[in-house]
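What follows is subunit A paired twice: with subunit B in the first complex and subunit C in the second.
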Partner chain A sequence: MAKSKRFFMYLFLSIAAIVSIFPFLWMVVSSTNKSVDVTRGRLLPGTHLLDNFQKLLDTTDLQLSLINSAKISITTTLLALLIASLAGYGFEVFRSRSKDIVFNILLLSMMIPFAALMIPLYRMFGKISNVFPWMGIDTMTSVILPTVTTAFLIFFFRQSTKMFPKELLEAGRMDGLSELGIFLRIYLPTMKTTYAAGAIITFMSSWNNYLWPLIVLQTPQTKTMPLLISTLGSGYAPDYGMIMIAIVIGTIPTALVFFVMQKQFVAGMIGSVK
Partner chain B sequence: MKKGIALLLICLLMLTACSSNSNSNSGSKNTGNAAADTGTAGNPATTEPAQAKEITIWAWDPAFNIAALEVAKAEYAKTNPDVKINIVEYAQNDIIQKLNTGLNSGTTKGLPNIVLIEDYRSQSFLQSYKDSFYDLSSSIKGSDFADYKAGPTSLDGKQYGIPFDSGVTGLYVRTDYLEQAGYKLADLQDIDWNKYIEIGKAVKEKTGKALITLDPNDLGLIRMMIQSAGEWYLKEDGKTPNIAGNAPLKEAFEIYKGLTDSNVANVHADWSQFVAALNSGDVASVPTGNWITPSITAEASQSGKWAIAPLPKLTANESVHASNLGGSSWYVMNVDGKETAADFMAKTFGSNVEMYQKLLTDIGVIGTFKAAAGGEAYGQANEFFGGQKVVSDFAAWTEQIPSVNYGINTYAIEDILIVEMQNYLNGKDIDSVLSDAQAQAESQIK
Partner chain C sequence: MKKTNSSVSIRTKSVLTGWSFVLLAVILIFVFYFYPMLQALILSFQTGTGSNLTFTGFDNYSRLLSDKTFITSVKNTFIYLLVQVPLMIVLALFISVLLNDSKLKFKGFFRTAIFLPCVTSLVAYSVVFKYLFAGNGLVNTMLLKLHLVSAPIEWITDPFWAKITIIIAITWRWTGYNMIFYLSALQNIDSSIYEAARIDGASASRQFFGITVPLLKPIILFTSITSTIGTLQLFDEVMNITKGGPGNATQTISQYIYNLSFKYSADFGYAATVSYSIVIMIALLSVIQFKVAGDKNG
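Here is the complex of A and B:
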């Protein structure tokens, strides 16, 4: 009885694994095939990996887009972690009568879809361009600023801070540390796993961000990876092999970040302080 | 503690400043900014030499539209070496998204000087944001281009677009399959769609190959058929749905059903499957726009086996053997630099016959500029198509395409028709199919 139960469990898990792995497999295999073979649905690895890669280098400025994406994602992640953790920490640790109202308003803002904010936001940055061209339309700042912190991330940090032992705070105050000192020297090191989880979430969403960069970035010099990939498919006769290798390359950084921080990520999601 | 906070703030500022530093250069390179500065500094309307020395163009497809722009850019540089032209490539849907956001938000910042828009969509942009487009009536003449392009590119008698590629259609056929079925290319010169199905049955019987491949989510075939009879999904005003009581549309639906019922049609789901069906030899014919040529000739082993016949016609109305599928045109935006942009367009796509020969031989673009059709390149025989002079055939058909008003809701109505077409194929009565679609369209489009 138990055996057959286990058999079905493994069967179900195997099917689920195949379903989720297959697109990745397809992507990697296709990047080694000619465009014609990709459209014919060839599932075996081919010999055109280098050809596809060479074509990609010839037709696009891959390096520039990777650097642009890296700059934006890293800056966003660092700033977002700093702001959201300060806010989450503040919401939980300090006492104020109005803090729950403010927090609820913040949570409500999660319900507004980005599509509704897009046009006012664009208008705003258009106006900003007139005064501060360095942070207006078509600058990296304009991509970073709207996503620099999210209500979700603040919420995430506040929830984690709930498990942060308040005794440590008291001890810090008793020993004469400033409030900022407590945050930097006690809170930050203890909450490493939460930061790791937050970093992965923010980095991934920033790296894959498509709609806002598409709208606000205007010149080829500022193109990010998702924009570059989108452009590749714009032709009447797209080269699927080349597109696939571009997607593989675009996936590597997020996969890397995830695998490096995987342990901390899982710990952070479960709860950081033991 | 205060020191600490101050330090933090400074760090923050530095970070943002650093990240934007590298870009502020490229940002100011953007014509929008540069032009805006000069524009506001000088006196606005009268300064004629205050032309921007830099213009930006958005387009899609590196192998076609972008390549054509590069040719035009090189041509223009011969006479105007001081103008810098930035060509920015985006996917077509991305351009629509960016244009909509930019125009909707009312800021001209970040808009290009010239943009490529598909003919089916151009009226929705022109009518919604008329003031954002620059009237080119003084730079080019609409009558210099194929007549059918006048509908999408002009509004209220003003010429806003520079007509670009022709979407003229033809019936691409495999002559080897035809012969096995007992037909010759000459038999296809003046047929209607019912005869086409009949030929398809013979081909299916003799060769086992399908006659055509259809995408259930794309009614391009229907669009081709009704335009060949001078009708569209919308009435001539471009706003009133024209579905119930539209005789060519009804006939087109019946032929579509005839194709599926007589088992001569394959099904494909996307572009790659479509091209694969042609290249693998699974289908005997494809009625579509001339832009399919490169995809067909890509399969070199099929050289000499293809030919292009005139599009079959409907029996309703005064249907002709010529229609259009797709095609797009250039539009100059009403932002600083518009005079330079208009000048660029007028001197290249608006008048340069020689350039059109180069566009054809190098890229395969069949333009809609009438004078270009007399050029040498247009009369070349194509060995892949058994020595047929395909371009001069296409050019001749381009002139016959009936002009219709694509209006502002082509794709909205097509979405309704796609669903109703499935109902029809499943046995619903044709008249109620069309009147239901009419009712839906009327309630949806106001």
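Here is the complex of A and C:
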């Protein structure tokens, strides 16, 4: 390839990389600066990190929101992986015509916009609140239940199960393992990368979920991180340094999950595309 | 006879085991997707506030057509869709082809950097973008210092630039996400196809349009449908960057539904009607995209 072409290739990719990274850098740098310096566009790290953090602790219930978000995301991820992998495995290993029809119907749910579901769901949990307040509006359960099963994750597990060596299944049956035993003791350990990729996808979307929690969580005690960040940003005299440290803290869990599991994520995605 | 009997019972047993594996997921999807979907349809024929609803037939649907706020929200949503989705797909495709070059150095760095925006929550990055694009924000400061503009651009408060800001924001957040799908598909293409094309003297652009695009067609279709569905439901960014303003210049359909049900007088019936307009649009656009792609097994 011509040298100038190569140069433009690196130039383009470098610009794309800088544009992608810059808002992150700015948010981290700003979390160490005074509010005034953030609005002035200061690009150098400052010395106000601890001040900003202290202010955040004083004016918000940060720990509570972090714990709420963690509880909801971890529970959702564990349940979602269990339900979707059982289903993906069931649809692929025990195939029948009627089950294939059901699978295709489930896939249709991917086309349903959440906007069409939110009002009936809100009314549904309103009714539940009258009978079982512990799982109605303003509870963890009401956030988790509607988001815990997605056709996408079932599809993802079914696609990956196509790569699962069927000889292992036969071997398990020969050894007299029950079907659930085969699933738990052979399938689950073999499909680690698929579970890792599924965990990343689910954890991220659960941690970052905004619209449904905004509707269903109504008291300060149940606030999650995105709700906290959103209210901080809407004030009339916002403290920018403090808001930035809140955003940094809110981003750390998903960034960590992604970086720790990045290899498995890419491997798992490629496995499902093939 | 005995043998067939037992094999039938084994088959029945295996069918039952199969169903028991998928049952929980099937129930949950019916309860939390299809049942509410039906409820929304019924609601869309009712009018009233809160839970005092009465059947009024197609009243809500005829109200849609003369509702200026609804029409503005549809227009805004389609502007985002028509500008942002093609822009992002072309950009993601272009970047992934560059990243797929076997001689490229720092590949891991570029890939991670461009994927990085996907780890942010929509709310968090929206707030960051709101400040970056504020009247006295960093973007304007930089543009002024570089003498690219003579006066600050009213990114958030001007109806035109506010839409541009939303488009820039969504593109920043989702390009890397789509890139990952293209990259993994590109890695499955046999490199000998390109070698043969090179020997035949095909230029880089001919290789791109003659080999890469046709082979990636199913993935391009998949990403364009998921991006379309995503854009039709756009909410978090608009809510946190512009609040739908100035006026209703950036308001989306999802935000209008939210306002109708939770900000104004809780008109659930009409809100459900508006939400069904998104259902219909998604169905229509998906059919069109399948037809345009002309992919029988897509």
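Quick note on the criterion: the second predicted complex is superposed on the first by the 266 of 274 C-alpha atoms of A that agree within 3 Å, B and C clash if a C-alpha of one lies under 4 Å from a C-alpha of the other, contacts with A are read in each partner's own complex, and residues count from 1 in each chain.
Going forward, a residue touches a chain if its C-beta (ideal position, glycine included) is under 8 Å from a C-beta of that chain, and two chains touch if they have at least 3 such contacts.
Quantities reported herein were computed from a predicted structural model and do not represent experimental measurements.
Subunit B and subunit C, once both complexes are superposed via subunit A, clash. With both structures placed on the common chain, the touch criterion links A:Gly233 to subunit B and to subunit C.
Looking at the superposition, the partner that touches the larger set of subunit A residues, subunit B or subunit C, turns out to be C. Once chain A of one complex is fitted onto chain A of the other, the partner contacts of A:Pro220 are limited to subunit B, with no touch recorded for subunit C.
Look at A:Ala196: by the touch rule set out above, it reaches neither subunit B nor subunit C. In the superposed model, A:Thr139 lies in contact with subunit B only, and not with subunit C.
With both structures placed on the common chain, the touch criterion links A:Ile245 to neither subunit B nor subunit C. In the superposition on chain A, no contact is made by A:Leu56 with either subunit B or subunit C. Using the contact criterion defined above for the overlaid structures, shared-chain residue A:Glu179 touches subunit B and also reaches subunit C. Within the superposed three-chain model, A:Arg123 lies in touch with subunit B and with subunit C [touch as defined at top]. In the superposed model, A:Leu81 lies in contact with neither subunit B nor subunit C. Clashing C-alpha atoms between subunit B and subunit C turn up only in stretch 97-105, chosen from 7-15, 25-33, 97-105 or 277-285, once the structures are aligned on chain A.
Residues common to the contacts of subunit A with subunit B and with subunit C across the two structures: 38-39, 118-120, 122-123, 145, 179, 211, 215, 230, 233-234, 240.
By the touch rule above, subunit A contacts subunit B in their complex via residues 36, 38-40, 59, 71-72, 75, 78-79, 82, 118-120, 122-123, 126-127, 129-130, 133-141, 144-145, 178-181, 211, 214-216, 218-222, 227, 230-231, 233-238, 240. Those residues of subunit C lying in contact with subunit A across their complex are 14-15, 17-22, 24-26, 28-29, 32-37, 39-40, 43, 51, 95, 98-99, 101, 103-104, 109-110, 112-125, 127-132, 134, 136-138, 141-142, 172, 176, 180-181, 184-185, 187-188, 219, 229, 232-233, 235-236, 239-240, 243, 253-254, 257-258, 261-262, 268, 271-272, 275-276, 278-279, 282-283, 286. Listing the residues of subunit B that touch subunit A in their complex gives 1, 4-5, 8, 12, 15-17, 19-24, 26-30, 32-33, 56, 60-64, 86, 88-92, 94, 97-98, 101-102, 104-107, 109-110, 271-273, 275-276, 279-280, 291, 294-295, 298.
Residues 1, 9, 12-13, 16-17, 19-21, 23-24, 26-27, 38-39, 41, 83-84, 86-87, 89-91, 93-96, 99, 102, 106, 109-124, 145-146, 148-149, 151, 154, 179, 183, 204, 207-208, 210-211, 215, 225-226, 229-230, 232-234, 240, 243-244, 247, 250-251, 254-255, 258, 262, 266, 269-270, 273-274 of subunit A are the ones that touch subunit C when the two sit in their complex.
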